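Input: structures, listed below.
Both of the next two complexes hold subunit A, though its partner changes from subunit B to subunit C.
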Partner chain A sequence: MRIRDLLLLGGVALLGTAMMAGRGGRGGRGAPAAGGTISGKVTFTGTPPKMKPIDMAKEPFCAKEHAAAPVFTENVVTGPGNSLRWVAVYISAGDQGSSPATETVRLDQKNCQYIPHVLVVQPNQPLDIYNDDPHSHNIHPLAKVNPEWNKSQPAGAPPIHAKWELPEFIPVKCNVHPWMHGWHVVLTTSHYAVTGEDGAFSLQGLPPGKYTVTAWQEQFGTQSQDVTITGTETKTINLVFKATPY
Partner chain B sequence: MGKLFAVVVTIITLVATAIFVAHVWWPPTDISVHGPAIDHQLRETMVSAGILFVVSQLALALFAWQYGDRKDGRPIKLFPGGATPMVVLAIVLVGAEILALTFVGSKVWASVFQSPPDPNSLVIDVQAEQFAFYFRYPGPDGSFGATHPELINEANENYFGLDPAHDVDARDDIVVPSLAIPVNRPVLLRMHAKDVNHSFYVPELRIQQDFVPGLVIPLHFTATRTGKYEIVCTQLCGLGHYNMRAYLEVMSPEQFDQWLKEKVAQQ
Partner chain C sequence: MRLHTRFVALVSGLGVLLYTAGATVGSAQETHIEGVTGHAAAGKKVYRRYCILCHGPDGDGNGENAQWIDPKPRDFTLGVFKCRSTPTGTLPTDEDLFNAMSRGFVTTNMPQWLPLSRQNRADVVAFIKTFSPKWKTTKAGTPITIPPEPTLTVESILHGRELYQKMECWKCHGARGHGDGPSAATLTDNKDLPIRPYDFSSGSRFMCGVTNRDLYKIFMTGLDGTPMPSFADDIKPADGWDLVHFLRTLQPLQTPEAAIWQAWLASHANELKPIGPPGTGQ
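And now, the complex of A and B:
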């Protein structure tokens, strides 16, 4: 291998490391690692609604794929310690400017589910939508601020290239499989995270300043807290939703 | 040429008749109480229409064979009075046949669609939407919750627009995408459409009924044989119409009670 090739390879590796280090919370994007961090957990109090098993009998392939472990509705997914999954946590005020996002985000339609259930993109960020199933899907984002569209995607079809221009919380459904439901969350900030099963989030690379951190949950709405970052410290906050069974 | 035409017409007639006589594409085995009457009517219709079909086609073949290749120069004899009386007579004959079939068949049709349901029927709500069917049972309290179209939300499987936060009756309603019923028990479906026209068709039940948005259409039947059968939409309702289907599961009373218990536990 020639020296030029080695240098090139090293440059690519360095670039990759820098990009990985710059990621915000789980699912977050490209904010610089330097600066303060706001981390914490999203939880609930009260009794959340009971998620129902989804019967996919009308699509035999998907019913077979989930025969061993049925999937449940995902509008309120809870975890250990009253944690809440699929909550988008982001800087809703005080953001000191975020660079436009250029990397492509991927959404999969697999076994008659949207993966991920909650997907965050920034305005004009490329979004590729794949059909991984051996049958058609019909993706239908019910946008109100952005233009609404609905496209059929047969098995084996190339990915649908999409993007959203304006900030919005967009419910997404499949016109062929009514149980398929997800969200596209379009945020102007690059400081965001989507909580996992443990409800944890981490927003990194925040310059000193006063911020409002907002957590959005599709059924419970939003919870916000103000946080001030003065240097490179990590501030911990907990965002708590009040759950009701219905 | 006339003789060839006669042979072709005769072959087509005999093959078509054989297909019907042999029941090659006959409906599947009936599983309903009213099915035998429907099948009887269907047979009557097929036999009467079939006789007319065979007679008219063979007559056509006979005339083509006899006179098709005639080259003796004699003028062709016309129907008395010309073409107009011939067309009028044909319309009257065919119209009389159709009217007679309608008149005779309406009795059977009315016995299925116009008769009142059994007062002890199992009542099930059906919601048809692009592109699925959903079925609602009243739950242990025996009462259906009120529906509010503005609350319909697929994300949390609220396909009927129930309001469990404020409506106690709605809290135990069972909503499922398959129709489970006990065998030999009258069933009354209350059919709703969320968006456009759909249709409920189960060939084995010998029943087919459209959904119309804004109307609650009753449909009642009694299934007589356990098993799993396909429910299909037979009104072209949009892009995903081809995939709009569900399953009917006819169970023994014990199986049905067990199924209900399982569904109640999931609420």
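And now, the complex of A and C:
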């Protein structure tokens, strides 16, 4: 008798959760109320690798542009207080209604660097790629899930209009300038941030619910944490990576 | 005894069922190449006889032989192919795959598969299309439009030479097309393996064919998976032929382009500005 009651209770609870989940999963049910915020910092423990100065001698124009302030590799960029830059922080589970983004994201190839080093787009969001240098670059996104393409873009050419359809972390390189590395991160959620030098992030407008926040760093992988939002509060979390020199 | 017979019958029946099921799933892919229809189920048998040792049982290029050869065998699971008539980032047509297999890839371990019948080759292409999920979700790209080749003139070659400079082909292929440009030594493919640009002075066949039309397609569609990009957004279709004519002069072959070029050089060579970085006499 008792077991039957427990099973019944469990079944009802499951049904209830399923119904709640179903309700949240559909988008377009009116804009979410000014909701809660998940903010914090991405930091590391341990010893990170030293970034190396880039020798751009093969492209004299870029070498000259950086003569005063050398440029370093960007796979692990740290900041004050052991913060990590270029970390994509996003809602990886529990997202309740992210609508497709329509504003155009811009990528610049300037002085032989990708600016920004890490950019985030949502599926099919317009991405315009500019060549600001007086020489050619080729843009070679090494996509595996999305199509891999490779286009040359001479100096003065119009921007390349690109878009990515499927969620993926896409490394991008220029074959002519082998030190150029960047990332196109394609996320379905509109709740994301890319950390600056201070490692800080803030995900706003979150309706009440259970969320998983994931931080992705190109060399160290991912760190996740579960956060529950009940109203309009701000929950602060810290995501910490274990850094190794190699 | 009777039990044993029943058991054997059951297992055999199950085996037949599984085999048929497998065959049905495979034959979902078909190819149509100039009147020949290829089927994946038939292609699987040919693949396992001739292709598996390099391209691997899973079609990922990790066959037994792969460790000994360079460049590595194609990984079909990526759905990325070098020799296409379709734009960069799109799937090749059935003909593209059929021709690539038939022609082979000079300077690699991929032989010409002409000894296989056209039916066999069409069947193998159909089977190859089962390795990547992209074939289920995307159609092959639309082949690029190639205008007819214009009459060969020295003006065409000279314009092609300007394009070689302006498009910065020399950065990888070198000022004389020797594959020794400033960026050549650091080139890697999409698996991060070192790869060299084509050396025109070798006179060897191109990766994707021998004709002027094949050459045109190479730079107008790019060799996907390699550092060679598509210039379709940067070179007007008619101008592409000028570049083809100039590229032929870089090869040590007796082509009509070389003949015209040599004749013109005999009296005009000092008019040419050298190819290379700005400031080298440009």
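Assume the second predicted complex is superposed on the first by the 213 of 246 C-alpha atoms of A that agree within 3 Å, B and C clash if a C-alpha of one lies under 4 Å from a C-alpha of the other, contacts with A are read in each partner's own complex, and residues count from 1 in each chain.
Everything below uses one rule, namely that a residue touches a chain if its C-beta (ideal position, glycine included) is under 8 Å from a C-beta of that chain, and two chains touch if they have at least 3 such contacts.
Predicted, not measured: the structure shown is a model, and the values here were computed from it.
Q: Putting subunit B and subunit C onto subunit A via the overlay, clash or fit?
A: Here subunit B and subunit C cannot both sit on subunit A without a clash.
Q: Please indicate which partner A:60 is in contact with in the superposed arrangement: first for subunit B, second for subunit C, both, or neither.
A: Second partner only, subunit C.
Q: What is the contact status of A:244 with respect to subunit B (first) and subunit C (second): first, second, both, or neither?
A: After superposing on A, A:244 lies in contact with subunit B but is clear of subunit C.
Q: Which of the two partners, first being subunit B and second being subunit C, lies in contact with A:130: first, second, both, or neither?
A: Touch partners of A:130: none, neither subunit B nor subunit C.
Q: Scan A:148 for contacts with subunit B and subunit C and give back first, second, both or neither.
A: A:148 sits against subunit C, while subunit B stays out of touch.
Q: Once the shared chain is lined up, is A:157 touching subunit B (first), subunit C (second), both, or neither of them?
A: In the superposition, A:157 contacts subunit C only.
Q: Figure out whether A:52 sits in contact with subunit B (first) or subunit C (second), or with both, or with neither.
A: first
Q: In the superposed arrangement, which partner chain does A:176 touch: subunit B (first), subunit C (second), both, or neither?
A: The answer is both, since A:176 touches subunit B and subunit C.
Q: Please state which segment of subunit C collides with subunit B in the superposed model; the candidates are 164-172, 218-226, 254-262 or 272-280.
A: Answer for the clashing stretch of subunit C: 164-172.
Q: Check subunit A for residues that touch subunit B in one structure and subunit C in the other, and list them.
A: Common interface on subunit A, subunit B vs subunit C: 58, 135-136, 138, 152, 175-178.
Q: Of all residues in subunit A, which touch subunit B in the complex?
A: 49-50, 52-55, 57-59, 73, 75, 135-136, 138, 152, 171, 173, 175-179, 181, 218-219, 244, 246
Q: Which subunit C residues qualify as touching subunit A in the complex?
A: Subunit C residues touching subunit A: 78-80, 88-90, 134, 138, 166-168, 171-172, 182-183, 186-188, 190, 222, 224-234, 277.
Q: How about subunit B: which of its residues touch subunit A in the complex?
A: 129-132, 154-157, 159, 164-165, 171, 176-178, 238-240, 243, 245-247, 266-267
Q: Sort out for me which residues of subunit A touch subunit C in the complex.
A: Going by the criterion above, the answer is residues 58, 60, 135-136, 138-140, 142, 144, 147-154, 157, 160, 175-178.
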